[in-house]
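Labels run A, B and C following the written order; every chain starts at residue 1.
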Amino acid sequence: MKPLLNIILILAILAVTGWLRMPYEQKLSEELHALKLVPPRLSLEDRSKLKQKAFVATYGSLRPTIAAFMSVKTTNYHSDQNWDKIEDAFKEIVLLDPYNFYYWDQAAWHMASNAAADKQNDRSLTEIGRKQQFQNYIQKGKDIINQSIKVNPGDWRYLNLKAKLEANRYRDPDYATAVATYQEILQIPDLPNHIKRSAKLEILFAMQKLPQRHQESYNLAIQLFEKDTSYHVPTVLNEILIGQNHPLNNVSNSMSLSEIYGSNQNAYKKLKIKWLRRELGQKPYGLEEAIQQVENKLLIPQTKRLFPHKPLFMN
Amino acid sequence: MTERSKTPPKPIPQFAVEIRDLVKTYRSSFKRETFRAVDNVSLNIAPGEVYGLIGPNGSGKSTTMKALLGLVAPTSGICKVFGCDSRKVDARSEIGFLPENPYFYKHQTAAETLKFYGKLCGIRGKELKNRVDELLELVSLNHARNRRLGGYSKGMLQRVGLAQALIQNPRLLVLDEPTAGVDPIGSREIRDLIFQLKKEGVTIFLCSHLLEQVQEVCDRVGIIFEGQMVNEGTLEKLTSIENQHELIIENADDGLLESIDELIIQHQTSGAKLISSGTPRSSLEKLFIDTANNRTRTEQK
Amino acid sequence: MPTSTQNFQKTSFISFSRIGVIASHTFTQLVRMKVFYFLIAFVILLWGSKQIIFPNETGGDGSPEQELRLIKSAGFAAMNMFSMLLALSATALLIPKDIEDRTLYTILCKPVPRLDYLLGKLLGVLVLIFVSLIAMDIVLSFFLNQKAASIIAIQTEQLTSRGIPKELINEQLAGLKAHGVTINIHLATFAIFLKAIVIASIALLISTFSSSTLFTLILTLIVIVIGLIQADARDYATTMAEFGQQNQLSNISLAVAVFFPDLQFLSVEDGVIDGRSIPLRIIGQISIIALLYFAIYIILSWFAFRKKEF
């Protein structure tokens, strides 16, 4: 009887102390989750998806280890171009290690780049089928990135992934979304300076692809040009030139070629590249005239000129 | 670790060990049956006495010993060591215990083992070192002091056990089968040690199945059977055949022996009669020891 | 040898020197069982992790970080496993082995209070775990530092060759440096040690009323596993209570939350693997809770053990 009484008393003491410590532990636990110092809670649904791994991964620091080993396996799936297995594997990997950027990046890349490209060239499918699968996998990539942003709010890297994908001209781009995402990145406090700089330039680059935002694009280019010489990159300089020649833009202060590019040589170099890389359907206002002007100033031999003859619509 | 009590001196207890109406009952977990291992056992041991408790297996000897050592709690009754309740930790500062088939930590050497137990008893520094040396010398284990106990024979382990029991100079020594599994030489040495300790005034309480040895060393003996004390007293009282007398005569010639026979016949009317006559026998143990000692002397020469 | 004295020597209720003797003895016993040989396996594991290079296929920033993460996660996983196994098995074996070998009799027959015995045994195991974790922390720091230094050197060279100014390079590499050896690695190791303290004291409690080593091991393991999901159960029970909805599952979750320890809050090494910092106040809070668990389990162990018969 006595041993039984002892056990009952021990359980009673455990119950009382357990009851008393519960609120304190709950508060501490919430704080640790907020600081992301402990792994996120797995829902019952997630646990059932992970099966035995959930049991093993319950013990601290085994989750990232298991995730790492699983990610190594995906290289085999990649070699076999088994996109379904890659997708399933990464679904588990990001459940196990959701705060690891590398896995989200890899997962999105496999879907939106590799799988999409593979389906685009898959001759076993019809043309419609290829297009459908191509878009399907790009969407899967986007879904993964959106999920990563939900799990890691306020982390610029995931927003950057999203923006890059939306701005990728080979992957069903949505430049408006790309611009909005880059602007969202700029709102993040304590953003590293090099990311701020890169985001601003990416905004301009994407905005240039949106014809209806021509004024905004030009204003941004002027803002960046005046901010710092580190922004005197071709994207900015060319946008100033094209923007101030846009018929619908309000231009307060038109700049000469030398003011924009610093020198005729620099201007010629950058303008030439811009002309050769211009996208079909794009109207680079004033670009042709500027190149002509610089070719004349630099006395480029006719045989080497981009425009050896006067354009028909110029006198 | 231990401190001298600041209370005024208590009266000197009459007994080293006082066990009065000791009852120990065990209850099985599920059947709720009770088993009385010790049933109203009472015994007292005077300071400096050697007391032997004998009985068949399962008679309650070990339980009685454990109650004295505080390893089990009496169901009822009193157990005291020099007037202190045996359940208190204080009582154990005066007790040295050698369990049956002692098993010590294999990873330690004899010296380390003794140091460990010495420190547990509050002995430190040079005092401890000297005490360890002294005891290893006493139990003849100096040559193996730095060997791990894992490599010790049974007899050596028994001697280490005895040494650790003596580490804090206890007033009461409790020995459970002290010579079990030990060869006759070792057994004799342990017996001699017991005699020596007795001379030094140590009270000894021992259990043994080797009745001859109990007979040799003990002043008083208790016989326990099925948890009850059935007989107790001095050896002389317990083992003497009151109406018989023994004479051992050395170098008696035939004439003397004849005279003795005649004298007995003369007193036949008073009821005296000769029961037996002949040469007494030495013990096999004595023969063994003498043979071993002689061989040792020969090898040394 | 005295034949009688007038005063009995009083034994203090608790004695740190006596506890120290038993602890030192237990530590020596475990060391002589050659437990430190596992360090060789640990070094091999970390050396292997250091060799793995993750391909930078996407062009993103993830792969150098991932290599550092792998070393940290392998290191911390090994530390967790080892300290848990040692805390569990060494403690679960201590008392049953002493009872079986009857060495317990010779100890308890000396003036050694049972609390001192329990504390001494437990402390011996904890000192061993502590020393082992320190050694593993040093090895982990060494390999991590080597890897981080080589990655940073390569990245610095690449960025410098692109003409990027030094301040920008430092800014870009700040994130990578956060994944290297910082104070947080050592704080995470300390958290693992706190976890071992709690596990060992649970094992000790169970071993005081269990008669079998196997039963102790199994039951302690069950308690540990439940302890790792206790936070989820508590969270569920709390949420249901807040909404005024209670069902059988929430009642069971509440019982789990009350009776079992929360071991998840001691798993802050996951955050360190992600490159996060552990605020010192958090370390203070989790230390207090861990020590409270330790105190409760030790007191209960003593309560169960004080009148145990042998």
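Methods note: a contact is a pair of C-beta atoms (placed from the backbone, for glycine too) under 8 Å apart; a residue touches a chain by one contact, two chains touch by 3 or more.
From a predicted model like this one, the values you see are computed outputs, not experimental measurements.
Engineer: Identify the chains in contact with subunit B as well as subunit C, in label order.
Structural biologist: Common neighbours, subunit B/subunit C: none found.
Engineer: Averaging each chain's C-alpha atoms to get its centre, pick out the one most distant from subunit A.
Structural biologist: Relative to subunit A, the chain whose C-alpha centre sits farthest away is B.
Engineer: Taking the mean of all protein CA atoms as the centre, name the chain whose own CA mean is closest to it.
Structural biologist: Closest to the centre of all protein C-alpha atoms: chain C.
Engineer: Can you check how far apart subunit B and subunit C are, centre to centre, with Cα atoms defining each centre and the answer in Å?
Structural biologist: A distance of 48 Å separates the two centres.
Engineer: Cα centroid separation between subunit A and subunit C, in whole Å?
Structural biologist: 39
Engineer: Taking each chain's centre as its mean C-alpha position, how far apart are subunit A and subunit B in Å?
Structural biologist: The mean C-alpha positions of subunit A and subunit B differ by 87 Å.
Engineer: Residues of subunit C that touch two or more other chains: which are they?
Structural biologist: Where subunit C meets two or more other chains at a single residue, that happens at 307.
Engineer: List, in ascending order, every residue of subunit B touching at least 2 other chains.
Structural biologist: none
Engineer: Spell out, as numbers or ranges, the residues of subunit A touching 2 or more other chains.
Structural biologist: 3
Engineer: Using the touch definition from the top, list the residues of subunit B that touch subunit C in their complex.
Structural biologist: Going by the criterion above, the answer is residues 1-5, 7, 9-10, 12-13, 47-48, 66, 69-73, 82-84, 89-97, 99, 101-105, 107-108, 116-117, 119-122, 161, 164, 168-169, 171, 174, 197, 200-202.
Engineer: Applying the document's contact rule, which stretches of subunit C touch subunit A when the two form their complex?
Structural biologist: Contact set of subunit C toward subunit A: 52, 54-55, 57-58, 60-63, 65-66, 69-70, 72-74, 76-77, 79-81, 84, 164, 168, 171-172, 174, 192, 195, 205, 209, 225, 228-229, 231-232, 234-235, 238, 257-260, 262-274, 276, 278-279, 282, 285-286, 289, 292, 296, 300, 303-304, 307.
Engineer: With touch defined as at the start, can you tell me which subunit C residues reach subunit B in the complex?
Structural biologist: Interface residues on the subunit C side: 1-12, 15, 17-18, 21-22, 25, 28-29, 32-33, 101-103, 105-113, 307, 309-310.
Engineer: Which residues of subunit A touch subunit C once you look at their complex with the stated criterion?
Structural biologist: These residues of subunit A touch subunit C: 2-3, 6-7, 9-11, 13-15, 17-19, 21-22, 24-26, 28-29, 31-32, 35-39, 41-42, 55, 58-65, 68, 72, 75, 99-102, 105-106, 109, 113, 157, 161, 192-194.
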